[in-house]
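Just passing along the structure, written as structure tokens.
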Amino acid sequence: MIKTTLGRAGPLLGLVLLFLAGSLLSPTFLSSENLLNVLTRSAVIGIIAIGATFVITGKGLDLSVGAMAALVAGLSVLAMNAMLPTLGPFLSLVAGLLLALLFGGAAGFVNGGLVVWGKIDAFIVTLGTMGIMRSLITWMSDGGSISLDFALRDVGRPLYYGTVLGVPVPVLIFAVLAIGGEIVMTRLRFGRHVTAIGSNAQVARHSAIRVDRVRLATYVLQGLCVGLATLIYIPRLGAVTPSTGLLWELEAIAAVIIGGTALSGGYGRVWGTVVGVLILGLVANILNLTSLVSPHLNGAFQGVIIVIAVLLQRRRSID
Amino acid sequence: MKLSRRNLLATGAAGLALPAAAVLPAAAQEKTARIGVAIPAATHGWTGGLNFHTERTIQSMQAAFPQLEFILTTSGDVQGQVNNVEDLVAQQIDALIILPMESDPLTEPVKAAKDRGIFITAVDRGLAQEGIEDLYVGGNNPQYGVVAGEYFRSKLPNGGKIVVMRGIPTAIDNIRIEAFQKVLDGSGVEILDMQYANWNPDKAFEVMQDYLTRFPQIDGVWAGDDDAALGARAAIEQAERQEGMVLLGGSGMNRVIKMIMDGDTLIDADIFYPPTLIQPAIEVTAMRYATQSPIRGRYVLDSPLIKKENAAEFYFPDSPY
Amino acid sequence: MQQNQQPGVLRLDGVAHAYGPNRVLNGIDLSVGTGEVLALVGENGAGKSTLMKIVAGYLAPGQGAATWEGRPIPSDPQGAEAAGIVLVHQEFALIPDLSVAENILLGHEPTGRLGLIDYAAMRETARNALRLLKSDIDPRAGLAGLPVSSWQVVELAKAFAARPRLLLMDEPTAVLGAKEADALFACIRDFVAGGGSVIFTSHRLDEVLAISDRVAVLRDGEITLDRPTDALNEHDIASAMIGREMSDLFPPLSPLPTAAPILSVEGLSVARNFGSPVQDVGFDLAPGEILGIAGLVGAGRTELVEGLVGLRPATARRFALKGVERPLPDAVEAWQLGLAYLTEDRKARGLLLGENLQVNTALTVGALTGGTVLDPGAEARLYEQAQGRYSIRAASPRIAVGRLSGGNQQKVLIAKTLASEPEIVILDEPTRGVDIGAKGQIYQVIADLAAQGKAVIVISSEMSELIGLAHRILVLDRGRVAGIIAPPEGERPTERDILDLALGLGTQGTPL
């Protein structure tokens, strides 16, 4: 039983070790400013990774989230700029935010629909939509950047830079979504059904579960999460480029797996994903704060951390 | 055959060739030619601009010279570009315009094309071996680093501490950084740390945040690229460390040039290194076939420092980059 | 101890074994002589597999002595195999990506010049080994493409090809057809005639009586019967296995109800990728009735009911519930209409093996009538009820269902299927892979369902089960109804009646 507990807590243990390493290696690591920086910028990937937790738990995969984030952000910025003269900055921003959720949900619906009704493997579907969406944003921006109008930037700025009672807004949104996600996964029937489908879709089909509908819902949920993440992303730099969201899908998947969710489906935990996101964020942060390794080796260092974090919890499946 | 024009064009000066092309009557050309173009895909702002200008130039060239056929290929990685070159050769091209993603791995495939009699135009970067390309149109990468170094020397005459963001790990990044470090040698300007920001604003934002946390005193930042500079700028503003900070990007993104013209407090200069350099490369190569003129040579575009005074010269509001 | 040196003699003296605190075997004394076939019989969990593993060298006995030809059995399988003891696994120890011949001679590949594998010799040896089992499987065929019964034949051929002197077989006939089983028995007879010895386990007592020389019954880790087969009948063996009389295994049959049918089906057709499609099937089912469905493997029994409950594309001329016609339901509608289906494949389709008992029990009823928010208290109560009603034996409701014995897993599956209180219950092979004790309990559950007025359909490959349980028996032959046997009150059909229809020999049944 001790082994099981250790395995379950594996990622948490990794997080604690990173904290120790960080505070030993850098005097500024533990400053609230630094920790809030890391938390805030982890929020974008974190929100996407929470959606990915559901998709992966249901034995699916969504490789398109990075490209989707870029496309959704680009479309929303264009829409907000277009609405600005008629609606004014505040209403345009609100409408733009709602549109981002709508676009994200719609993109997720397309992914899920192709998987469920097209009966195409999720890997292939989302590899395809990834290319399509990435090309669309490149085409829309002519390879350059799509910039948010300056009037909107001032209104939207608090979405990334604002704080509530000292807590940055993105961190707040991430935290609320994480708690909500954990509840949905463990306390709601939807989470149970996602787990059941990921564990054995045939059993789910024999158990009066609407497998297609639940599966589709995971992709729509992922799309909504991407939409929500872009709301935080857009005000940060006020511009969307073809390189926005590049490789975010891999970061999100890595965070989910580090957090203990099974890549083969059937077992997912949202709090683990949050820990996974923080581990990835802290590793990059510590590497920037110290001259521990040559920048050429940063990738290797991150890779080692990921492998160790997953090894720590491997005991769970053996037990 | 217009011998007199050919003689005129044989000097090969792009500046002469371009107006000449404009006056050529389309009906006068007869020989057809197929020109392959291999450039990197739009993975960051600069390459995005590159793709935009490439497509636009090809369109205008094709309109002017219907007998020329262009085949455009793009690739996100080196191996993909090698495949693209081989595919182009297989399509019996007469000329190849290439912006090599990396010099070394592309040298052999391009040399093989050359050996089959294909005219080679190298853009931005040369190949690892001398004498393969017939025509070279490039930016001045060492100068890029030198200009940046001199900028910080002049801005921090009494020395100071700066941080540097490198680009995507490539040969040109190495050339720029080496030149940059050389200029700063003995100047009293100390480089605190260098990290890769991949010429990407999001990555630069995070790297800059961490630099600001780590170093209580930073007098200057070279972000290496304008996309990255904008990301770094957001982080500096968030930390409210604009005071006494010098921020330089590079490559001449129109948004940044506009900021310089408007007198931005943080970014007051830029280094010109525009993705438009693909334009003369395509035009001169096209001219060779449109006019049957033996063009060859090297064209190196300057990378001057852009300041408020001369910014208007470099401002192209319609360009996406 | 002179006789111990005799070749081909296995002796166990006071062998005991425990997994942790769990004692599996207790003071086992057993011997097998040359040319003898010993049938080892017992309920699941009685210790048969552990005993087999000790004899095959996979496990060293915790206490006591296990000797073979006077020497202790080597404590590793390779050593035991070298000494002539070969175990045929219940789970297949075969490699799907290799050919049949490569599997049969795995580890014993014949080599030619230069040490290269002699494929021609390998195929020849494999073909001979298969011929002994009356099998025409092509030695060159890839194993992955063959049906499960062929895997068992290959596994057996592999065992014979190793030229053992003591052959251990764990449930060798569980997945074999009648022809293959007969061939296996012939093979066993030849083998013992040539001086070999055999220990095998089986759930099927008719087989035990047909092939063994001696029967040993294990119950709770102890031998409760060890006698020559000539002196035994099925009744004796079953009583020794379950520790009580066999006669109350089947509960008394309630009288055939006369109520109007709750389910009427006409002209049901179900397409199939392989085998004959189900065509034009029709029947009525009354509340309180138990309808058996019989047929050979491949007759389309499972496909028929899967089509009925929306798990497979199907068409029907008429489908009526309580006299109201409606289109065939989809998989979820079927449940909502009170039509429950218990799959024959409990591991792949029935249970989430990694989830705990509560989650599994509540899965279907939760999907049907549960709220958006999970209710752990209600789930705990549901499981508690189910545990009592179906006598599920498990250490805790929080353990993974995959760790239970087959019988207990099946009871959990039954609890899960019945949790939504369906009106019509379709049970596909409800006692597959279940020991006799659990079988009796499941029969009682089925009889209780009928007594409560539920309509029940039971599909089974064990004809005795249908004879003992069902009011009427529908027999399928190649996708069509060969007949529905409806015996007069107080009489039971015989296996012969069913077989004649299943084999297409006659139409003794009363067509509906």
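We call the chains A, B and C, going by the order they appear; numbering starts again at 1 in every chain.
Here is the rule we go by: a residue touches a chain if its C-beta (ideal position, glycine included) is under 8 Å from a C-beta of that chain, and two chains touch if they have at least 3 such contacts.
Remember, predicted model here, so these are calculated numbers, not experimental data.
*Asks:* Just grab the chain with the largest centre-to-centre distance to chain C, centres being mean Cα coordinates.
*Replies:* Chain B.
*Asks:* I'd like the most central chain, judged by C-alpha centroids against the all-protein C-alpha centroid.
*Replies:* Of the chains present, the most centrally placed is A.
*Asks:* What is the distance, in whole Å, between the centres of chain B and chain C, each centre taken as the mean of its C-alpha atoms?
*Replies:* 72
*Asks:* Can you compute the centre-to-centre distance for chain A and chain B, using the mean CA position of each chain? Integer Å is fine.
*Replies:* 34
*Asks:* Can you check how far apart chain A and chain C are, centre to centre, with Cα atoms defining each centre and the answer in Å?
*Replies:* Inter-chain centre distance comes to 47 Å.
*Asks:* Could you list, by residue number, the parts of chain A that touch chain B in their complex?
*Replies:* 26, 28, 31, 33-34, 37, 41, 138, 141-145, 147, 161, 236-239, 241-244, 246, 284-285, 288-291, 295-296, 298
*Asks:* Tell me, which parts of chain A touch chain C in their complex?
*Replies:* Residue positions touching the partner: 187-190, 192-193, 195-196, 199-200, 202-203, 205-210, 266-267.
*Asks:* Of all residues in chain B, which touch chain A in the complex?
*Replies:* Residues of chain B touching chain A: 42-45, 47-52, 166, 169, 193-196, 198, 200-202, 205-207, 209-211, 213-214, 227, 230-231, 234, 238-239, 253, 255, 319-321.
*Asks:* Give the list of chain C residues in touch with chain A in this complex.
*Replies:* Of all residues in chain C, those touching chain A are 311, 331-332, 335-336, 341, 343, 348-355, 359, 363-364, 366-368, 370-374, 416, 420.
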